[in-house]
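Here chain A shows up in two complexes: once beside chain B, once beside chain C.
And then the complex of A and B:
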């Protein structure tokens, strides 16, 4: 009987420890985010802590969030996708150029007239998303068929996909995209005027991003797809032995990563009205940082979307706050790097402590 | 008398004349091996004697070059471990083959998840409640004690992890469980626990093929011992009458051919 009792006691303790452990990474990330918010609020008051500013933060975060979700899935499989930033750019370029082509004759579009834009714009969106998915599938095929490390493959395609985008545009931003995408769609406010007595700017991008984050969170935690993602990252050989199609699953995960990057590219296009080559080139590192700061382990098998959502906010809030405070926003890079290193260090300590139990 | 098998009982698995070559190396040279219902048969031998190769051949990991395998009364040729598993043969590997960052429920049902019914199942939603309940029952039945079902296996002791790995194999094995060095990485108490577990599995009627280097463990748990040496069956031993020295002698070749025949006769009786 004594044995049974002590076992039950141990079970209760373990349950508590597990819950704390699982929440630790997210709560650590949340604590960092909140402290950043508090610091800037103390420094700048309502210039920082205002609805309008939070609105900006939300909009900026929604784009990097897509890449962070992609990174979360990929990193949980113990992989990495460095090419997301180039996929973002290439998808936006393909989408922009298709929109122009299918919205009217070359003469019309050159004259900034888009008689068929109601067809051209959807075609552009679809082709942009398809481009993203194909780029991701390409990564997955190289990783699974050639048995190459994801780091090498996506480092290579980071360059390849960007190069293709540069070839398509001659290295400049894509001009002459139908302005309707920005004016009528990208910046359209879905918030009913005066609803809840506040003036909020709820553009489609924000809604879509957070709905996707919610779906991704459910898929990862509640479905077989999510379970296989964790299992492969935890022990790919074991997953293979129980009959899981590991290569097939990795193909899906990298395709998903490309598709989400394509969505981020479309966001960019609809927000700024043009496909830009020069920006976003460091978004891959930002997305990986967001996932890792949010508790996703680079060694695979551990992570959650909730952590990555919080992790995606941190660089955005930092930059926003630094700009408002008048500090050179380059400090953001310094701060993010430090946060990243501290997060991984704490994660490692937590893990080795856990494994000693 | 545990070592005896009445002639009337048909073996669950009978392999005859199994040959396997790896380049110039003849890993298995005409091995005959049988598994009867409700027994623990130990497969022992020195490093390189062919134990793992034999297990791999019988569990569909590597196809034999020659020989016949009759399983459940029918000749079979498993071309993958999945086929063997579908036929009711499970293997507990030395390195456990678990996902250490997942919990016991996820591991026991890994690759065989229950989905909820209807539209949720179409989207791959897991039926965690049912899997949790069956995991609980299975661990209870085998008296495998772990601190909590929801804990990631990486936080459990080696014995507890092995318990989960065995529980998984037994959960899905309807015919035979192969255990490749299941106690190799364990301490004394944990080893005792796993040996107990092996007996309980046998008592459910499912035969266990126990591969081990550890002679005391083998003699503790086996009903019958098959000794492999240089890719051939060197001896059949009855743990009730044979000694560890006999087993070591058969493994290292200290016993000649004539003695071997005698021992084989004794083991079969």
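And then the complex of A and C:
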């Protein structure tokens, strides 16, 4: 047993070298992000480069950041999760509906009174997160038990989970969510007034997102869970041979992906006070591209959370800056697409140059 | 006209933030800011519009007095690339150019999605426009983002769609109930005031299409020989609309007419009719009059269209904001509606119908010079 353990560690340690490459990549993508910031600052000055606008950017990024972290774990195992956008919506819907259900009698909640919301809201949040995790577990079970490609499974569940959300809501926005989830939680400013002499709007969503990013970064780069993730993505057969429970680990990774999507779903309630069906439809691709811009390889085995964090910021900062600059909307799409391609291309060139050395 | 006679005097207290922003307007640095950007923006608006409305400009230009300050309005569309919002933008631009003191800058999300629209709204607020006119993507979800914009000192007026709140300056939208009634009258005429009809609607809970369905139902009940078979929902998917229509034609082969409450509902309904070989036998009324819908009308896919007047929505919004920015008085009343026009193959070439069609770019847009009509005034049923 001890022997197997050490072999496992050995195989996993070998993978660690690859993560160093990814870590280096993230400093390169950081340079791209910073140059985008510099360009907009030169163009628009403090209209772009202001505390209030950075607040906007942080808030806009926090949701896609959750999905990007999920994508990073999944893609490093050489998998993919297309269903995150539907899990997000389904989690938000279940959370919203449970909050209403447990916050008072049907008569009370219909009259927009929520006497038990101090119980209802936590129950809703927990059920929303549990929903996310269960959806992810479902993906993992289909992938490992039926031996189906993750692309197919999550493409299918993308539709299934959205369909369930539509069934639960009749296809519309969930009305009558207790407003406290938004007013007392989502919009609460955690920044002490006048702290450090600045007026920052630090809402829980931003804090949660970045704390989770930090934890995810540590888990991926410093723990056995992280090393197994890399090992499976590099060579699943080898990982199996050295005794890693590949199927068990994949289950955990897809469950994690669903759970993180569930958090992003709760963020919707924080920010908008409603769960809306017609939203987030492109978030799955956005999260994958954030991970890839950040240096995660679609073939597995390579990637880092730090890169994905930067990768999540790049499109958000671009969109924000282009709107402020007054660039017409269609040109914004062209510009964002080009920057994504160029960022990945430059990164790959650098990487292949390194390999030749 | 506003502020006289039937309009009650402004009594509502403005939120402090707006108040502050308004009074800030006289500040010297602000004046410089306006002056600094005016030339480029006027030029931009001018190029976009072509020379067509220049003739109108002279008539609408207010006297150059102390109030003749430059204002910058940001227009956030419901979704980009939609002829409805493009036409609304043309109306806003044309009215801005004719007033002379206003520039309109336009942005919008690529999908009708509050999570895409909110970052755009926030970024626009950073540029500190004097006011925002926008089509909110969600009546509940956009409340807080709009409140945040107002708290940052930028007043917001809602066009087309709205929010379930009263923080916005005013609402300007199509009278969708009347649009539904117009569809019912048109369809009744087309089928000789007898037979079975039904409605293909988008999805429950969408306020505009719900109102169209309700108006249709209400008006169609006035025809004793017409049987209303109820409404079905297609989730804004033409394929589903076609399936529903095909099924309906199986259960009721003598169906006489269908009202599709938006583009995909009508196109799908028409496809279902065509697949059953009933084109021309079953009359289809669509909503909106973009290039695609007009092509469908010409190609016998649909038989008539209820055209909204998005250009007028844009024109009215800019006029209301102009008044608000000049006087600082809250806009009263707070709801304004625009009409609808029934476009058929027969009347398509009339100037009235041509004017109702949506445009793909502003060079084809002619300023209508419409005046704001409060919702109460329009509520009286028309003949």
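The rule is simple: the second predicted complex is superposed on the first by the 308 of 357 C-alpha atoms of A that agree within 3 Å, B and C clash if a C-alpha of one lies under 4 Å from a C-alpha of the other, contacts with A are read in each partner's own complex, and residues count from 1 in each chain.
Rule of thumb we're sticking to: a contact is a pair of C-beta atoms (placed from the backbone, for glycine too) under 8 Å apart; a residue touches a chain by one contact, two chains touch by 3 or more.
Please read all numbers here as calculations on a predicted model, not as lab measurements.
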Which partner, chain B or chain C, is in contact with more residues of chain A? C
Between chain B (first) and chain C (second), which, if any, makes contact with A:106: first, second, both or neither? neither
Chain B versus chain C as contact partner of A:170, first or second or both or neither: second
Would you check which partner chain A:319 touches, where first means chain B only, second means chain C only, and both and neither mean what they say? second
Look at A:47 in the shared chain and tell me whether it touches chain B only, chain C only, both, or neither; answer first, second, both or neither. second
Quick check on the superposed pair: does A:274 touch chain B, chain C, both, or neither? Answer first, second, both or neither. second
Applying the document's definition of touch, where does A:192 land relative to chain B and chain C: first, second, both, or neither? neither
Touching partner for A:231 - first (chain B), second (chain C), both, neither: first
Should A:329 be classified as contacting the first partner (chain B), the second (chain C), both, or neither? second
Kindly list the residues of chain A that each of chain B and chain C touches, one partner per complex. none
Tell me, which parts of chain C touch chain A in their complex? 80-81, 105-116, 118-120, 122-124, 126-128, 138-145, 152, 203-206, 233, 235
The residues of chain A that touch chain B in their complex are 7, 10-11, 13-15, 17-18, 222-225, 227, 230-231, 233-235, 237-239, 241-244, 300-302, 354-355, 357
Contacting residues of chain B [partner chain A, same complex]: 81-82, 85, 93, 95-102, 106, 110-113, 115, 123-126, 145, 147-148, 150-152, 154-155
Across the complex, what residues on chain A touch chain C? 44, 47-48, 50, 52-53, 56, 59-60, 63, 166, 170-173, 175, 182, 187, 268, 271-274, 276, 278-282, 316, 319-321, 323-324, 326, 328-330, 333
